[in-house]
Structures are given as C-alpha cells and as structure tokens.
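Letters A, B and C name the chains as they come in the text, with residue numbers starting at 1 for each one.
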C-alpha cells in the first residue's frame, strides 16, 4: 500500500515528480507522445478510455494513440522507423520485441527498472521476463495473460468424467474419451498450431523439452523430451482424432464456443464470449506434465523510441508507471479480462470479473514464449511447417531433427 | 460520307512536304499533352519507387542500420532458395486454374445475362457482381468459417445428411483449391460486367444478318461474338492473369500461406521476407523477378491477341 | 456539311419491325437461361447472405453448436454498436472523399491517356503502352516502402494530396479505355478531323460522348476498389482522423477475440452504398446504350 501512496504522489503532481525518475524534465513544458498499438477488438474501447483518463489527469502530457490491426501495425512500423516518422511509444507482443530491440530502435530501460520510484518490483515476474533481450529490459508490460484449461462441463458429464484432468495420464485418457468422429464429430480438445497463442510449446515444456532453450541460443526440437511430447500428442491427433489437424487460434475458439471441442487452452479474453454463447465451462490449471507444470505468459509490452529526447522519455515513463498502477490495472482487468500486470491484487479487488482471479492464480507458473531475435525465422519458417507436416503424417523424429538443424542454423548464424 | 476531291487533294498535300514534318511534330506534342498528367503521376509515384526498389534489390537493406551493396547476391540467393521455387509453383498452379475458369465462367454469364427478354437481368447482374464490391479481407471470413468442419454452416448441413466433410483449410492438398474457389468467386462478376460492356458494342445488325443467312447459335458465337470481343478478351485475360499472379488478400486471411506453405504465393513470400524478416532487399529482388515473369506472359498474350485484332 | 458537334447519326437506320410474338422455343430457352442465371446468382451470393444473416443475430448465436442461416432472434444491436464504435459518419465522409477524389481524377487522366494511345499515331506509342502495363504488374509490397519513404520526404504523409495523387491515374483504367476506344468505329472522328477540329475537341465531343457506358463502368470500378482499400489509407495516414471505412471495420478484428457480429454489420453498412451505386449505374448504362444511336 505504501507503493500505491508513492505512485499516487508521483502521478498527481505532474512534471515535478518526473524528476524522481532520474531524467531532467522540461519544467512546465507540454509533451505530446504518439502511441501505436494493435489493441483492436473488444479491448480497444477500454484502452482508449484509460488513455483519455490519463490525458485528463496529466495536463502536461498528451498521449495520441493510434490503434490498428496488428498486421498493418507491423507493416507501418518498419517504414516509419526507416523514415524517421516512428511513434514515441510502441506496444508489441514480446515475441516480436527482440527483433526490434536488436536493431536499436528501442531505448533500453534498465534505469527505469532500477529506479525504486517506479515500483517495478510489483510487476509480475513472468511478464517482466518477456521484456528482456539478452538480459536487458527493453519494454514495460502493458498487458499480461496466462493460459488456463477451459473445460466443457456438459460434455465432460456426458462422457462420465468427474472433473478436469490433473496430469497427463488423465488428460490423454480424457481427450480420447471425449472425441468421436462421424458426421457430427466432437473433439476432446481444440489444439491450434498457427495464428494462435502458442499451445503446442506448452506441451513440449511440460515434458521437459521446448522449441529452443530458455535463452533462445540453441534449438531443442531434437531433444528426446521434445520428440516424446510431439510423438505422444500427434499420435493422439492422427489415430484418435482428438483435434482437427492444422487449425488456427480463431478456429479453435470457434470449436470450443460451438461446443464441438471439450477442452481448450486459452487466455482470459475468451470468457465473456463463451459465457454469452451459453457454454457451461470451468477453468483449471494446465494439467501437470511429466517434468513440470507450466503455462504460457502472453505479454504485450510498451517500448520507447530510442530517438526520443529526455522530456519525452520521462513523459513516457510517467505514462507507463501510471498504466501499471494498481488502480489502472484493476480497471483494465475487470473490463478486458486480462490479468493485472502487478502482483498484490486480491480476488476482492477483482470481484467485478471473478474469472480474472482464477487466471491470476496461475501467474506464478507462466513463462513467455521467447525465441529471441530469430522469432520469425524459427516460428513461421521452421516450427509451424514442421508441426503441420507431422500432423499430416510425416515421421516425427526425422521432421523434428531437420527442423532443429534449421533452427540452429538461424541461431548460430 | 465521302470526301470531295478538293478535300482529298488538300489532305494529300498535308501528309507530305515540309508542312508534314511540322504536322508530325505537332501530333507528337498533342499526344504527349494528352498523356502528360498520367505520365507525370506514374513517373513520380510508380516508376521512381520502382527504380528505388530496384536499387534496394541490389543491397541487403533491412530498414535499420546501414545497408550494403551486394550486387546480384539477392538474385543468386533466390535461385537457390527452395521456398522461392515452391512458391513459384504454387503461384503458377493458382494462376493456371483461376484465370481460364474465371474467364470462361464470366463470358458464359455475360452471354446469359445479355439476352434480350431475360427478366430481372439487372438484379441478377448485381447479385453476381456483388462479390467484387466486398472487400476480400472481409469476404474471406465467412469462407473460412464455412470451410472449417464442424462449425461451418455447409458442413453442418452436410452432416445432417450424413456426409462427413473434410477439413479443407487444414489439408495440404485441399487448401489451395479452397483458396482458388474464393479467388474465382471474387472476380467472376467483375469480368462478367466487362464482357457485358464489350458485348454491347457489337451491333445487333450483325446478328440479324447472320440469322437471316441461317447461321446457328454456335456459328454466330464463333464467327461474330468471339472475334468482335477480341479487344475485350485481351483485356480480361491480361488483367485476370496479372491479378492471379498477385493474389494475396484471401490467402492471407484464410490460410496465411499454410499449411506447410502449400498455399504460399510469391507475393506472400515478398510480404513475409520484407515485413516479418526485415529482409527488404531480398523481398525487392523477388518482387522484380515476379514482375519480369508477369511481363513476359503479358507480352505473349498481347502478341497473341494483336494478331487477331479487328480494327475499324 | 457536317460538323463534329452534331449528334452522331445511326449507321444503319433500323427498319420498322412489326412486333412478333416470341416463339415457343424462345420462351423455353429463355426459361432455361433464367433458371441457370438464378442458380448462379444464388450460389455466388450465398456467402454474402450469410454475412447479412449473421449481422442481425446476437453475437452469441453466431458461433454455436447448431448453426442456422437465420435465427429466431433478430436484433439491430450489432448495427447500432458498429455505428457508434467507429464513428461511422466521419469514416464514411473520409472514404467518399478518398474514393471520389481518386475516381474523378482517374477518369479524366486515364481517358486522356487512353485516347492518345488508341487514336493518336506517334512514335513510341507501343513503348509507352507497355510501360503503362508494367505499372499494373507491380505487386504493391514492392512499391510500398519506397513510395512511403518518398511521400515522407515530400512531407505528404497524412495529407489528402498524399492519399489521392499517387492513385490519380491507373494502368487498369488506361488499358480498359484504350481497348474500348479502339473498338469505336473511326468514321466520325475522321470526318471531324478532316473538318479541322482539334484533337481535344474530337476527344471531348465525339469519343467521350460515345464512351459513357465504359466511363461509368470504369468509374464504378475505381470507386469500388478505393472504397474497399484497407492498406493504403492506413499507411499514408498517421493519425486516425483520416481513416476510411475499411480501417474502421478492421478494428473489430481483435488479436484474440473477433467481434463477428460487429464485423458483419459494419461490412453490410459498407457494402450498401456500393450496391446502390451499381444499381444506379446499371440503369444509366442501358439508357446510354439506347440513346447513343450507334446501335
């Protein structure tokens, strides 16, 4: 609570307080910052309302936000940086962050994090982990979402399964029991592998494997643990039809919402949609894997343009601190379903949206999907085609070995 | 309508002699005066960027940092890139199916909906033209949902009949046909309208005369319609081929080039290399190769059609 | 003596024809034609009917276990929400200015150039035509970055001229009109030329007057293409005050959650003006054929 007091004091007194974040502020000067992000969909209005609130309560700073679809965002960002028209603040998925950070377009934020006045120790560890590139933080979390297992209570009851699976043995048995083909097929789980939040990597992690090692310095696809995980689950897909082959994240969501799939690993944003569609679902932690229990941390984080002057930087930092203050985060979480980026938020605070509290309970096991600066090459060019081929029947070990060689060539080169 | 003798002599005097040179120059200036606005805009906003892109294709430009001149390095790289060749194959497959099917369907529908006495022609034409009006990114959403098994409306209806529908978009063999269907769907109405405009320039008297002479429907089509549609057909074929080589929107929305790159075309490769991998220099090189391929095909088509052109 | 500004006369006066009742065979073949036409139209229009049907369903009923084309619950809430969420009137105005501006300029410039390529004989004509075609073959991804950098150098980003001028002429339009002009019989122009009319006069009074259907068609195409264009306006404008309708619609496609009902409703709202425009053009189209007198 003392932290809240510090933040409140910091936020309300305008430019004088930004001196506490260590940089010289233009006293009394008005700073306008442009902020680009991809918060389309139902999140957009909430974010817009919060930014307007910031602008009202901080008369010396104006944030001009531009929301655009993510694919347009990435197409605009590059030429914008090349021509010097880039925005001051950029929010992007932390999977993409290393590629940009490596090009030195973003400001390293080590001083921001080490400054006690910014109360960065309250931030969720999994979220902060996503902002690090080679050990240096290049961004501040903007939103954070761990994945949980959604399970359809009605379909479980119909298959005489009493509750959600607790470990892999139960999980694998359950998906088979819940799947049946025929003219109106039902799937035990909706497992997406492209255009989605990473679901398959969670399976690899829980078995002790991964696409790369946590530092993203070496490929792990040919590790026995990775091969084992992919073999087990792809066999279930090919033999028992537990999920359609090769579906996108949106299709997986549609399957679960149409009650054609009994389970799905998904983030908190889907709860509202499923509820209004009348799906009677429960939330459970991802079942414990043979080696560990882990889930994915989906993190979008804000970075600052490396070319900004000190006044702009300190204004940006003021905004980022305000964004991650408890009151803002509770407001944001309750409206969008994202888990607050800061710890110390109780279930009582989140009473208006109780699902968020459930997601918050697994934030300790959440880790980001980090592929380093070779993200696109590894994810789009190597990993996704590999798993797609395997799900069409290609031999697991051989395909993964080939993929791993390619991954290492990207990482080594 | 005949020109009188004095006129003709004046005309001949105009065409030869010192007056003629000035006339030719005046004609040249007139022509360029007509074309000036378009040429200026094209020079500034299409050719200048194109030349700049040519320069980029000879470097390793990646948006950030200094770029180095690497000569034909990008071009040799793409010759050895299996992704390039695979995508070239996909592009050829897409174009080879989409172009003829769209054109034949469009011509058929145009002939159908140009018949005199056919009721509700306007509404039918509007209905068939409608896909061209919708943005492809939006139209691809219903298609994607309809092609997805178990939640799609079509598969639901088929399921009620006991037919288990396959997953088109998840199969490496069926994804391309799915994307082709959407491509044809989008453009058929568009080409049909162009054909209708062309059909309307054929004087009805020709058909009357042919009918009086006892020509069958097929003969009328082959000997009057097709030849007189030559200009239109040349236009439609070239446009259709160019547009099929550049197919992007529906593939991007429906399959993102997957699964396993089975639907990725060259244009998507350019997008991926340029905007996701930051290798804009390499992407520009691929773009240039694509332009050369399209140019080659278009020149061949033009020669084919020019031989058959009918000029008044 | 005829001047070029006379209304074009009929090449062949159509003889007065006594009206003949259609033969039985003609009715049958018309019936078949109608059936095929209706079937084709229904198949083609089905996905769009699906979009409309979903736009009047509550969001929760769009992706369900038992999908039906229409639902028993009809609601207009998607439309209301879509209208408010993206400030529809302003986006509409921006789109009209953008698409309208491009169409008008393009019709003017394209027809001038097409006339030169189709009717004026000058050295380098074929070269220019091929160059024009080449611009059609450029995938926009190749041009996008250099063009963006160029506009940025001109400080034309986020301006109307930056948005409209690069599109103000179009190889498609030039090509289309050239083909059309080439198929107009030359007698009238030749007569006018012999009479001493300037090229521009011929262009304006003879050729343009005869090309109304083609110009209407092309105008519709240009308008439609730019109406639906998503990427270009988004790239050129750096703040949302210049966004067009497509960009507004794209905001409903979230990264994780797609608001299907809003996308469908917004799409219907965006399509309606284009459909109306097409139906209007349709009628003018056939009217202009009837009054052109050449048929």
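Methods note: a residue touches a chain if its C-beta (ideal position, glycine included) is under 8 Å from a C-beta of that chain, and two chains touch if they have at least 3 such contacts.
No experiment lies behind these values; they were computed from the predicted model shown.
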Query: Through how few touching steps can chain A be joined to chain C?
result: 1
A-B or B-C, whichever has more C-beta pairs in contact: B-C
- prompt: What is the distance in Å between the mean C-alpha positions of chain A and chain B?
  reply: 40
- prompt: Taking each chain's centre as its mean C-alpha position, how far apart are chain B and chain C in Å?
  reply: 15
Query: Of all the residues in chain B, which ones touch at least 2 other chains?
result: 145, 151, 275, 280
Message: Residues touching two or more other chains, restricted to chain C: which are they?
response: 63, 67, 145, 149, 230, 250, 258
- line: Multi-partner residues in chain A (2 or more other chains touched) are 75, 78-79, 82, 254, 258, 260
Message: Could you list, by residue number, the parts of chain B that touch chain C in their complex?
response: 1, 3, 7, 11, 27-28, 30-32, 34-35, 37-39, 41-42, 44-50, 52-53, 56, 109, 112-113, 115, 117-120, 122-139, 141-143, 145-146, 151-153, 156, 185, 188-190, 193-194, 197-198, 200-201, 203-205, 228, 231-232, 234-235, 238-239, 242, 245-246, 248, 266-267, 270-271, 274-275, 280, 283-284, 287-288, 290-291, 294-295, 298-299, 309, 311-312
Query: Of all residues in chain C, which touch chain A in the complex?
result: 58-61, 63-65, 67, 85, 144-145, 148-149, 152-153, 157, 230-231, 234-235, 238-240, 247, 250-259
Message: Looking at the complex, which residues from chain C come into contact with chain B?
response: 11-12, 14, 22, 26, 30, 33-34, 36-38, 40-42, 44-45, 47-48, 50-51, 54, 63, 66-69, 108-110, 112-113, 115-117, 120-123, 125, 128, 130-139, 141-143, 145-147, 149-150, 165-166, 168-169, 171-172, 174-176, 179-180, 182-187, 191, 194, 199-200, 203, 213-214, 217, 221, 224, 228-230, 246, 249-250, 258, 260, 263, 267, 270-271, 274-275, 278-279, 282-283, 289, 294-295
Query: What residues on chain A touch chain B, complex-wise?
result: 71, 74-75, 78-79, 81-82, 99, 103-105, 181-187, 194-195, 244-248, 251, 254-255, 258, 260, 376-377, 380-381, 384-385, 388-389, 392
- prompt: Can you name the residues of chain B that touch chain A in the complex?
  reply: 62-65, 83, 144-145, 148-151, 158-164, 167, 169-172, 252, 256, 258-261, 272, 275-278, 280
